[in-house]
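Per-chain residue numbering starts at 1, and chain names A, B and C are given in the order in which the chains are listed.
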């Protein structure tokens, strides 16, 4: 009973999903920006170069505008088929046509250089502008909703065409009788729902099941075990989207992964 | 109050005036309309005394009362969500697996130990989820979380089902549960197969099992 | 998704005709639960992976992966630890492991190499062992050795998300991220390949990531997720 289909380069789809969790990029001498840690396998002749690499200077200048995340991205070029996946999350491709979409940085897998990547004003989110395809992951299938809507921050994957979200606090709860009673008795506790992102206006909001139990890992950390240099050193989770933007951006010229691996 | 399954991990509930529902704290993903989320000081029905009773029982599920008018999306931690519809019967479920349920359902707690005797207490130790299980009775729908999807196994008088206590999610119907040991004591001490205790369910009804041994 | 209701009639499906000795039949209940029908015979399963059963079942822990004293010593030395139990009885047993997806495959005298942690269940008639994989160190922290399954019968392997099966031919070699590798079968050679050069604007070397390159003829199973690896990420 070989239930799963066997794939080879001729049967793999071209720029489409292999299954809900795996996406296949067809490189034909073209280039794709790729977040580190999201490529699982490839056929063919593909090379990967860090975003800081000199030969890519022009490409980076036109398409990549996020020094904060430069250390997390590589450029794949060559010809072949490349499989992308992320934490067994659902993976979808999105086509933008002179549009913009903002997405949680950890959930963005790859994008075509015809799009331009910028950091969103909302910490932990990246905005893609222009025309082209990008690939993003979500915990469970993406749920598309129209504003007006209030969203739990953890459940937010991204949004398209909306004005930036604002914070919504349930002040009736904060200052109300219940708050006082809770402080006095300790009974009840917080509802956990007194803060949301609020979206209004025209656009689309993308939601996922919250990922509280699947913490994002910083790319490039080494397993915590004896004998592994730098093992378990808490690496500030860049791009986790949970407001962990205190981490210093990894500048070009820093040793990056190698540095961390040997505990420099 | 209907739950609409949007996908395997998200359900949508419609809240209307006069109809309230309860949800686990932190289970709301998004909402639209005029909906309030209130921490449940009264512990659902039964007032403060029932709440204190529940706290003493260790089955203190941090619930919220959801009221108002609008639609709410529920989901949590990327867990699979299973909607179970009750038509007058009783559902037994571990409190921390409850995602949301109709306010019209009658809540209670059951002391599993009373039913299972000494082994029931062992069961509490094995699952680490206390000896008390939440019961929900009446007509309505319950959204239950499970790690990796739910398998519904029917229990019939001639076909009892054995379940790993860690994979047990919920059961309903006229089902007796009993903790059994499939092994001699020798196998239990030090060199167990990892299946030292099993929950035996017999009677008629159904048991829900998740595809994982992880607690929530 | 894996929300499956089983009609009672299906619970005791008879084993397929044509088998001479009682052979356990493996089938999937949804994508994450493996159901095994046994009629007096035994299967080997990952310790603690039973979630439910019907009928009579006995569970017995096997030391050293059920490979006897020699296997026990080998496994201790190689670090390819495997906790296995033998399940014997009559009825249906359900297995699952941390909500991972299950792939069932049949072996016809060939050999499957799989990470020990990804082997969920194998037919009692199959032989398991350890083998030296060469340079594929650092994959999932499992070291230089991997578990092999040989013989004829059914095997169930787990993966974080449904496994993608990729064919390797002499014309189409394949590169796999060590963290996404699950298993392979067939006549394959593997080598370490450095994939990325993170040269920076200043021309310094900045760390490298590695892939496993498979060449030859066979199948490779990859999962849509990555374990942490020492080899680095692409």
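Methods note: a contact is a pair of C-beta atoms (placed from the backbone, for glycine too) under 8 Å apart; a residue touches a chain by one contact, two chains touch by 3 or more.
Quick caveat, the model's predicted, so the values are computed rather than measured.
Trainee: For chain B and chain C, which third chains touch each of them?
Mentor: A chain counts here if it touches both chain B and chain C, which gives A.
Trainee: Identify the chain pair with more contacting C-beta pairs: A-C or A-B.
Mentor: Greater number of contacting C-beta pairs: A-C.
Trainee: Just curious, how far off is chain B from chain A if you go by their C-alpha centres, in Å?
Mentor: About 33 Å separates the centre of chain A from that of chain B.
Trainee: For chain A and chain C, let me know how many angstrom lie between their CA-based centres, rounded off.
Mentor: 29
Trainee: Which residues does chain B have that touch at least 2 chains other than itself?
Mentor: 7-8
Trainee: Touching residues of chain C toward chain A in the complex: what are they?
Mentor: 26-28, 101, 103-106, 141, 154, 160-167, 169, 172-177, 179-180, 195-209, 219-220, 222-226, 228-230, 232-234
Trainee: So in the complex, which bits of chain B are touching chain C?
Mentor: 7-8, 80, 82, 147-154, 156, 159-164, 167, 182-183, 187, 191-195, 198, 207, 209-214
Trainee: For chain B, which residues count as touching chain A in their complex?
Mentor: 6-10, 25-26, 28-32, 36-41, 51, 55, 62, 64, 73, 75-79
Trainee: Which bits of chain A are touching chain C when the two form their complex?
Mentor: Touching chain C: residues 1-9, 18-19, 21-22, 34, 36-37, 39-43, 46-50, 52-54, 57, 74, 83, 85-88, 91, 217, 219-223, 225, 228, 252-259, 261 of chain A.
Trainee: Provide the residue numbers of chain A that touch chain B in the complex, in ascending order.
Mentor: 139-141, 143, 145, 148-152, 155, 170, 172-173, 178, 181-182, 187-194, 196, 205, 207-214
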